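Heads up, the next two complexes both have chain A, just with different partners, chain B and then chain C.
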Partner chain A sequence: MAHFTKATSVKDWLDQRLAIVKVEKVMASEYWIPKNINFLWAMGMILAVTFSLLLVSGIFLLMYYQPNIDTAFYSVNYTIMREVDFGWLWRHVHGVAASVIFLIMYIHMFTGIYYGSYKKGREMIWLSGMLLFVTFSAEAFSGYMLPWGQMSYWAGMVITNLFAGGSLHADGLVEWIRGDYVPAQAFLSRFFMLHVILLPLAIMGLIGLHFAALRIPHVNNQDGEEIDFEAESKKYLAGDKAGSKVMRFGNDFMSKDMTIVGLYLVFFFYLVFYNYGFAMDPVNFDPADGLKTPAHIYPEWYFLWSYEILRPFSVDVGLIAFGFAQVIFFALPFLDRSPNAVAANRRGLFAIWFWVMLVNMIVLTAMGKLPPEGIYSTIGYVAALLFMAQWLVLPFITKFEKKV
Partner chain B sequence: MKNKEPLIAVVVIFFSLVTYYLVEPYAHHVLHKEVISKNFAYADLPAITKTGDATRGQELLMGAGACVGCHSIEVAGIPATMTPHDAAAAYGVNPPDLSNMGVMYDEKFLADVIKNPSHAMMNEHMFDAEKGLMHPMPPFYGAGGDIDQEVADMVAYMQSISVTKEDVTPKMAYENACGRCHALEYEKWTQIGTHKNFKDKKDDLAYQIDFIKYKESITGFMGKLPPDLSMYIRSRGEHFISTFIEDPQAHLPGTSMPRVGVTADTAEKVIEYLKDAGDTKRVEREEIGQYVMIYIVIFAIFAFLWKRQVWKELH
Partner chain C sequence: MKNNTRRGFMGKAFGAVAAVGAIGSLVAMKKTWDPLPSVKAAGFTTLDMSVYQENKLAVEKWRGKPIFVLKKTAAMVADQTEIQSVRDIVVDGAHYMVSIGLCTHLGCIPSYNANDKDFLCACHGGKFDYAGEVTKVPPPRGLDIPPFKIEGNTLVLGEKGPEYMKMKETGVTL
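Moving on, here comes the complex of A and B:
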């Protein structure tokens, strides 16, 4: 057993039992971050803040929401929006945060792709991040079911139908997922369960994994420089703060993180109070009606690109393309054969690959919402083919990349 | 090294805004038919050319016009002869009380609706006399004199007994113009009146039965039960509702929703009432929004000052 002495202070008392001094060093003051990074490196903190907002607002909403197909719509739109003090605020914070967190996730992901932050020992960061993205997608989808409006019902119908696997006609699987022939009470109850407990637990676990994956390879930097963290941190601790290439996470980088978080929150709360329509689809303010299909069924904006990869093809081909789009980002660290872990603009053809991928995903996103007619259909089709072609050529263009 | 952050910020903001523009304003512009308001001018309806005489109008309304056979005029001491659900069983929908028609509806519309109801309401596709499908309101064929003069007199009478424009409340506007077809659950409104909290369960059940009967009648009359409008301000938005009230056929050709012929002022009040039902916290939202924005801006400034202080030693 460890030897305990009479504590000299509360801090000492805690330190003997919890090693708080050591923990603080590991987590903050001796967690070393390179100095040559820009504000894009604050996206992780922004995601953590947004997730906290979702968690807190979700807890408040959970106190009044009723997961019952007869009362769900009413409990959201009447009880929470009208009766509960600030219920409207929690709902708008929750709805807007759910949408904006995907914008930040996409920025975070494209930052990672641009700076090659998925390579040379950072593969697990990328993979755990992708797992987070998929889990967040499931969390967003399951949450979208809960108000039991028209889009909840019909999006639930369309997405669960995908599991029939086209020509495989696995209708039994679809019924098993729904717990019924159509989305009904069993469906709502299980998506409620997924949304409020199973998926949030998974997300919190994965966030832990994502952070842990960062410890050994350290954060990347914008110059792709390999920093000797040991030597640089000694330099810092010896007093040469300006000369060292690294800084403390707390409070050095934290202060910058918070500045960016502050700017982000100005933008976020502007959306919450003055421009929330994009995150709360009007169609979902009509109660679910299984006998009335909405004129246009489309997912929330962050799913549109993959929806558009499904849509332009025949059923079976579309499903295969869709499946491809869902998993292919996981393979990025292994498809990129180049030894360079530097910014894309120094990587020749990869720079073109990156910008085409970004623009093409925006094109897919736009086409996913527009009706699949005429020119939109053609653009969507070409964009979907281009998306797949880009992944097929990636190993080749990166294999012949010159070492920088 | 050169600070690239401003450039990066421009790139991030640019692509975010392009995406927003494409999936929101642009996509909605393509998905939804653009209907432009004509400011409730009802230019297709003939203007009233005669000067109406309210006293003669009253005689016509009560006598030759035979209006009070179906319509009540509460301010003139003429109550409804039937309960709403009986009236709906007889006519398909409960005929409106005429007390405040004169102020809430456009006078050209009132004149036309007297002479040719399905023309004014733009639901001629539902009523074809040759097929035996009569509009429940029979047209007024004149009382022997100049029909245009007689109609002008009746309109003048309705205008003379109405409250003033300022006294029309959003609730009155909704109940009169929309409420006989559309429930508004969140304001406790049913098509047969406000749903009171009955102490005795028997009374409540009796009310429910009347309500069910009414809904059955109107479902038969309209083809489907007209929707509850509680959340329409969020599901359809102000512009859609306003232009839909003005000209339903412009949005949904063939819809059984009639043109109701309200004035621009009445339409505004209807929308106000829909906001009271579906966007109750709009004032609170604006107000709290300001405080939160101020708080967050101050937070951001302090965060920046903190960063500047911490980073002084790092360069």
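Moving on, here comes the complex of A and C:
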């Protein structure tokens, strides 16, 4: 049986019951981080902080939001925005955070791709990260339905129609997802459920998995060097702090991480107070109307690249291309055949692949926003083909890559 | 040894109970997501066809969806190819294009241009002619025709009359 003694302090009392000293070591002061990393490794922490902002602002929005097709629009645009003291603050924080979290996720992903942090034992980090990306996409989409404005309604119509699978005509599946022939009350209620409970729970579970996946391989570093964390941490604990290649997560590394988080938050709240417009679509300030489509339906900026891959093709080819774009990033660790897990600039052809991929996704994003006419259609078409071609050549260019 | 087989049996017995429970809950969850009977029973719409003007698009509503009604001019009827004219609904001698006003691509509402006599879907640039046939992709097929029944000079949407059944059998609409 466990033996308890009279506590000498509050800390000791807790330690006997919860082993807080041990937990602190495992989670913070003896969790080791390489020294050779840069500000791009702070993106994960920024994501965690932004997710907390979404949770807190969401909880306050829930106090007044009404998931009913007759009252949803006014509960947001009138009650929350005008009546509730500081209601606008929660809404702007929530909207800006939902948009910015995707920007940071893309930076985080491309950092991972650039430094090869998705292979050599880091596959689970990558896969759990991609699951987070997909779940966040569903979370953003379901949240977008809630104000029940024109864009909510029509984005809901168009995206749920994707599940008909083109020529498969799975209209029954579409109606099952909606709970009606068109987006209506059943649709709003179930997307409300997804947005406020099911998907956030899934996201929290996945963040746990993502962090767990980081523990054994540890984070990568700028040179892709394989660090012997056992030996380096011994060196550190023996007093050779300068000679060791690693540092403590808490509070040494955290203090640097939080400096960058602080700078980010200044930028974030600048957006919230002075420049929130980009996160609020003007078309969504009209209440939903099932008999009137807005002139242009486009998704939020972070879905534009994959939307543009859907658009230039006939319906079936478009759907296949779109499906391909949605899942192909999962396969990255397996399509990359090279043993090198180092920065892209040292990997020959892969460096070109990386920059073309990054620029092409920006081009696709821009074309997705423009109306599908003339030269824009053509550029979008070529960019979509290039995107797919890049994934097809990836195994070949990496197979013949020289070992560095 | 004896203990092991006993535990093995208990494990399997629990597995069987759990599997039944899991299947049962999946069925319940699937059914809970189904459209409600009240939604499915959502009714029928009757259109009085005598009120429409030629080459002027009217938008009605059936099961929450927009319904296009376009009365064709004599010239429009005469200009039609075989493929276009089989889509006509003829009520009291007049020819109409009646269809679900949702693009067959992803469901936006195309808009009608009475001068060019065609529909443009702004979402992804799809086009349809005045008979509802597709003239520019991505839409994979012409506008869908809702189930209808002709009764005198009215049209009942939601009921399947002989003219509709014929269109369905010959593949004019889905």
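Descriptive notes on the structure:
The rule we apply is simple: the second predicted complex is superposed on the first by the 404 of 404 C-alpha atoms of A that agree within 3 Å, B and C clash if a C-alpha of one lies under 4 Å from a C-alpha of the other, contacts with A are read in each partner's own complex, and residues count from 1 in each chain.
Everything that follows uses one rule, which is that contacts are C-beta pairs under 8 Å (C-beta built on N, C-alpha and C of every residue); 3 or more make two chains touch, one makes a residue touch a chain.
The shown structure was predicted, so the numbers you read here are calculated from the model rather than taken from an experiment.
Once chain A of one complex is fitted onto chain A of the other, the partner contacts of A:L304 are limited to chain B, with no touch recorded for chain C.
With both structures placed on the common chain, the touch criterion links A:N161 to chain C but leaves chain B unconnected. In the superposition on chain A, A:F4 contacts neither chain B nor chain C.
Of the two partner chains placed by superposition, only chain C is touched by A:D316; chain B is not. In the superposed model, A:T365 lies in contact with chain B only, and not with chain C.
Of the two partner chains, chain C is the only one touched by A:D180; chain B is not. In the superposition on chain A, contact is made by A:H296 with both chain B and chain C. Of the residues of chain A, those at positions 295-296, 371 touch chain B in one of the two structures and chain C in the other. Partner chain C is touched in their complex by these residues of chain A: 154, 157-158, 161-162, 166-167, 169, 175-182, 184, 186, 190, 290-293, 295-297, 311, 313-316, 318, 371-373, 377.
For chain C in complex with chain A, the touching residues are 33-36, 39, 42, 59, 61, 63-66, 102, 105-109, 111, 122-125, 137-140, 174.
By the touch rule above, chain B contacts chain A in their complex via residues 1, 4-5, 8-9, 12, 15-16, 18-20, 22-24, 26-27, 30-31, 185-186, 227, 230-232, 234-237, 278, 280-281, 284-286, 288-289, 292-293, 296-297, 299-304, 306-307, 309-311, 313-315. Residues of chain A that touch chain B in their complex: 35-36, 38-40, 77-78, 81-82, 88-89, 92, 103, 107, 222, 241-242, 247, 251-252, 255-256, 258-259, 261-263, 265-266, 269-270, 272-274, 277-278, 280, 282-287, 295-296, 301, 304, 358, 362, 365-366, 369-371, 376.
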